[in-house]
Amino acid sequence: MRWVNWHLSKRDRLIAGGAPILLLVVIYLIMAAARHSANPSDKILPLPGGMFTAMANLLTTPDPLSGNLVFWADTLASLQRLGLGLGIATLFALVLGLLIGALPPIRATLSPLVTGIAVIPPIALLPVLFIALGLGETSKVVLIAIGVAPVMIRDIAAHVGSLPREQIIKAETLGANSWQIIARVALPQAMPRLLQAIRLALGPAWVFLISAEAVASDIGLGYRIFLVRRYLSMDVIIPYVAWIALLAILMDVALAALSRKAFPWAHGESR
Amino acid sequence: MRWVNWHLSKRDRLIAGGAPILLLVVIYLIMAAARHSANPSDKILPLPGGMFTAMANLLTTPDPLSGNLVFWADTLASLQRLGLGLGIATLFALVLGLLIGALPPIRATLSPLVTGIAVIPPIALLPVLFIALGLGETSKVVLIAIGVAPVMIRDIAAHVGSLPREQIIKAETLGANSWQIIARVALPQAMPRLLQAIRLALGPAWVFLISAEAVASDIGLGYRIFLVRRYLSMDVIIPYVAWIALLAILMDVALAALSRKAFPWAHGESR
Amino acid sequence: MSALLSLKNVWVEYGDKVVLEKVNLEVAEGAFLSIIGPSGAGKSSLLRLILGQETPTRGTILLDGQPLKPECGPDRGVVFQRYSVFPHMTVLGNVTFGLECPAAPFAARLFGTARRKAEAEATAMLEAVGLGDSLHLYPAQMSGGMQQRLAIAQALIKRPRILLLDEPFGALDPGIRADMHGLITRLWRDYSLTVVMVTHDIKEAFTLGTRVLALDKRRHDPHAPHRYGATAVYDLPLRGPPVPAPEPETAPEPVAATN
Amino acid sequence: MSALLSLKNVWVEYGDKVVLEKVNLEVAEGAFLSIIGPSGAGKSSLLRLILGQETPTRGTILLDGQPLKPECGPDRGVVFQRYSVFPHMTVLGNVTFGLECPAAPFAARLFGTARRKAEAEATAMLEAVGLGDSLHLYPAQMSGGMQQRLAIAQALIKRPRILLLDEPFGALDPGIRADMHGLITRLWRDYSLTVVMVTHDIKEAFTLGTRVLALDKRRHDPHAPHRYGATAVYDLPLRGPPVPAPEPETAPEPVAATN
Amino acid sequence: SGGGSAPTEKKTEFSIGWSIYAGWMPWPYAQQAGIVKKWEDKYHLKIKIVQVNDYVESINQYTAGKLDGVTLANMDALTIPAAGGKDTTAVILGDYSNGNDGVLLKGAANLSAIKGRSVNLVELSVSHYLLARALEKAGMGMTDVKTVNTADADIVGAFASPDVTAAVAWNPQLSVMRAQPGATQVFSSADIPGEILDLLVVDTATLKANPDLGKALAGIWYDTVQLMMKQDADGKAARAAMAKLAGAAPETFDSQLKTTFLYTDPKAAVAAAQSPALVTTMTRVRDFSFSKGLFKGATSADAVGIAFPGGKTLGDASHVTLRFDDSFMKLAADGKI
């Protein structure tokens, strides 16, 4: 049977998908064990035991500031910032993406600006951001939003812009004005793409969150990572990064499921 | 006339697109002037004159390490890294994106891994990256590649995976094996999307380049920005960022033009 | 009666390929114009011109004596050759949309009784095209012929002044096709629509139309096949009202006048 | 002669919607089977089953006495109802592709003389379907009927053992349709293909086919319209070879035997 | 060694990492001015002087064994490589910060006003130590302020933001921040002279196997600092070149040098290394570090052993990972290199 047609069963998919990840874990363990046998206090590739101790410590120590347990306090703070930043970015992507994609005058006006913002690395202009927004939560949330929104806006705009022209004309013959075309034709068809765009933005969003928390912060997963990076405490960094990856993968899976559930027409077999 | 149908002339598009950018520049100038009238030695929002002097200095001073003029040496070093990083990412996106998108067994095996890598913020693992790859060019190029490739891979894979099933079946009835389906059906149709993915990846790629140069480098646009940030020399940072934006926009425009030129079938009016 | 629609010396060219040349056409209000012609002659292009989707490279098009704006409104309805419906709306949603647009310019949706009324009207129309059983399917779950009927229902529910049909019955079996003939004839008469229909079925063209237009190339240069475009080679006004298609036994009740 | 293709008690269901029920069918090698039936009856679904694109919810399908693999090979050729061609290949590329695949399993492309030979063969086929003037157009630049003819040429150039046609001539004008009838009949006879063709044109079904199958629902429950699926309600073997369509004056030379 | 593979064998190629700081600029200048080459030729070695833009990353790279030596502060030498089990030798005691680190307040002229404020600083760095010492001297404790970790590259921009009113930083950032309207320096390392030391450290095993490396480094260092401190045109040119390498104006760099107590004379450096004050300083530093939890898993501040010239040790003598070695400076003082 051709590979293009070789559909695996659910169980086989799990096995196949797990294998490379397991392999990486095993390679890591072997390398870590080798380094530890050479230098028992090696910090760069900690053994599971070491990570376990370090994490147990963070899971049981209360944070001096909030009184909550450090690990959960970090998680909560980061998720809040991420949620707000991604939420704002999504909102912008939807509104501007639809307007830019559907309305030529808006496209002409805003598209160069969005492209410009998209290609300006926001971390290069952090000082300006600080002056404008201070050093508090706002600047972190805004950094995430500015970091991921332009790509999302451009993605949605391109998707809306490539809707078949027949659909727009059909809507016009049905008496739709520009607003109705946006609300009833472009918006619903942009939604699955928006969810896909959020999924693709998750990775960059975490990058910007961590960068923001590295710059100035007193709590958060990125704060902790950058604090202990000073001491090359990979026994904290690796579990934290794994935890971030797990959270992000859960969000990814949830978004994919939401898309299939909410927009069945976009996932059915085409005929 | 409805806004959806209001197509502007080329000249009007230029005016409309330039207006908001001009507006931002004017706002900046007003704010800078206000700050300077309050504190003539303000460093945060430099006046054009100050930026001009600072840049003239960098444009005429030779770099002590390489002997070339600082500004051009920085530009060249950064562009080289960016080109290599983006090139590698593009290659991976194309090969893995095609395989994951077209072949279910590969999809089952690699898709979870790619998702995992996509959501791990590479910035958090910078120490590991630099330790594994050293402080040379490799680590910077790899950071860019790791930073942008997963999003691109997933984008291409999703695009290839959503090619109409009829096309695959049609190709099979024409005697195509999996390889031929990938090479002749999936690959060419993925190309315009790949160019679009590169365009969207330009912004993040610059972010990763600058992050890498901030940590370990002695030349490059990002190095210079982080070097002078210690002195809050916004008179250098702002022109550098503007230069980065200009370079990125030129690349963006070139890629868009390339796509229209090389893949006319993907840009023609649909009927 | 002056012409509702008039094309004067209209040309359509793509690069150096001439598709339509020197097309002159006057369509009177209330006419049922059938257009026939070989594949690739430019029939669909002609409909696109009337829709405002494309502009002629040369010549002018007048609607009600005014130059045609390059955009389309609810005065025109269309069934495209590749029956395109909205993939994200159910069958019922696709048809109700046309009723919601004028009624809810801001909300873009109807609610409550207004919605139920619109849905009832849409359901009646869908029953007339034989899709009464499939109200809640998405287009991707339907057969080609069902999608085509949906596109027809979607266009007809608006009762547009000018109805543009591009091979509307091509994917239908003879039984359902006869039903559709009956339906369209009835609506055409009851609402005095003006219909422009492209078809490959000569019998259909003559049975339904009050006038048959044949598009084809007048000249053909075998060494430069693109140099000559198609134009109206025959224009046959048929006398008298068109013979309505025989009412088939299984025909549904006419939909008319629910609004 | 034992059956080339046999369906035994085949059902197709979507959720609780029954589309095909208890379909039993034996197709002999060399047959020309016409399938007719109302829109939405399941004709395209039946073709998808034979293609291996879908698997039946119940029952078995045998090809040459072997259970059908759930994938398709070059032994079957297809023209889909919504004539899908490769949008990124030119007309010539679309047709040449089928010749390149078996000849260049690794390069996936032909070069030099081999390429010129393949292109000559493809051009001959394209001239037979009347697209000789449009070799370098992309599908998006062609009319509906031209795309349909391209899809036909693409399938015919492979001379597949089993040819599956889903309303292949629906978008063609009578003149070109007659040419196509001639072409397909000739290829069917010369290469002893087995053809399964869905059509809405009853005359076409009887003219071309050696056997006509009517798919429809046997029972219909108005309160539960989805509970009953369609099955073969008539199966008429026509005696003698089919009457070939009259050779039209403008018919191109037969393409056959360039390879 | 902490780098995993112990480079105990003799080798001829070494890399020394540095990052931008007034007291470390002699290293890249020595490279540029050919002084490194001179000593390379003398001892038949190759020494690569590698710039790492990010200070922490330069130490990480050293700890991971990618660099044979690195420039760092005494506290970081203790808490990062030494606490991480990497046996490290301080070959050169370059200078101590004599005002290069400072505590800044906005809208107040006195340290006591810091009470209750949020202080932006690089947590767990010498800045943190300086703050702790400042609070101690003013009769306060760490609980009297709230610290916000701020990256050293961003602290200038952060301090320009109106909602930041207190910060601790080092030069060159410090001088820029101090110049901002309304900012006052209320405490500096000049108030605790000799406690913040800037060192060049080398992996102990590498040094043992290649003593010539220590000699060459000492030679390079004293050649360079003596050249730069000359009050003639050569000295001025050297300082100007260093300023350029640091991305600063010559005047700025000169003012930073004023707050850096450079041990230009090897004899002074040897004396400082042998002085009991160094033991006191290191005791303070390690107690502070231990209190901040920087000795991973250790139950007492004695867990990390520190050796001083003359066989004195502090903490666990069987587990010495930080050694102050005056032998190479002594050789330089005696002109034996």
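By letter and in written order, the chains are A, B, C, D and E; residue numbering begins at 1 in each of them.
In the analysis below, a contact is a pair of C-beta atoms (placed from the backbone, for glycine too) under 8 Å apart; a residue touches a chain by one contact, two chains touch by 3 or more.
Chain-to-protein mapping (UniProt): A, B = ABC transporter permease; C, D = ABC transporter ATP-binding protein.
Every value quoted in this text rests on a predicted model; they were computed, and no experiment measured them.
Considering every other chain in turn, the ones in contact with both chain A and chain B prove to be C, D, E.
Each chain gets a centre from the mean of its Cα atoms; for chain D and chain E, those two points are 80 Å apart.
Per-chain CA centroids place chain A at a distance of 47 Å from chain C.
For this pair, chain A with chain E, the centres built from the Cα atoms lie 38 Å apart. With centres defined as mean CA coordinates, chain D is found 29 Å away from chain C. Within chain D, contacts with two or more other chains are made by residues 44, 71, 82, 141.
Along chain E, residues 60, 64, 154, 156-157, 160 each make contact with two or more other chains. Across the assembly, chain A contributes 2, 5, 44, 127, 131, 164-166, 172, 177, 214, 229, 232, 269-271 as residues in contact with two or more other chains. If you sketch which chains touch which, the pattern fits none of the simple shapes: not an open path, not a single ring, not a star, and not all-to-all.
Contact annotation for chain pairs lists A-B, A-C, A-D, A-E, B-C, B-D, B-E, C-D, with touch applied as defined.
Residues 44, 69-71, 82 of chain C touch chain B in their complex. Interface residues of chain C, counted against chain D in their complex, comprise 14, 36-40, 42-44, 81-82, 130, 133-134, 141-146, 148-149, 167, 170-177, 200, 202, 225-226. Residue ranges on chain E touching chain A, taken from their complex, read 1-6, 56, 60, 63-64, 79-80, 83-85, 120, 123-125, 146-151, 154, 156-158, 160-164, 294, 296-297. On the side of chain C, the complex with chain A involves touching residues 51, 53, 71-74, 76-78, 80, 82, 84-89, 97-98, 100-102, 105-106, 108-109, 138-141, 154-155, 158, 160. Those residues of chain E lying in contact with chain B across their complex are 17, 20, 32, 50-54, 57, 60-61, 64, 66, 152-154, 156-157, 160, 172-173, 176, 179, 181, 241, 244-245, 247-248, 252.
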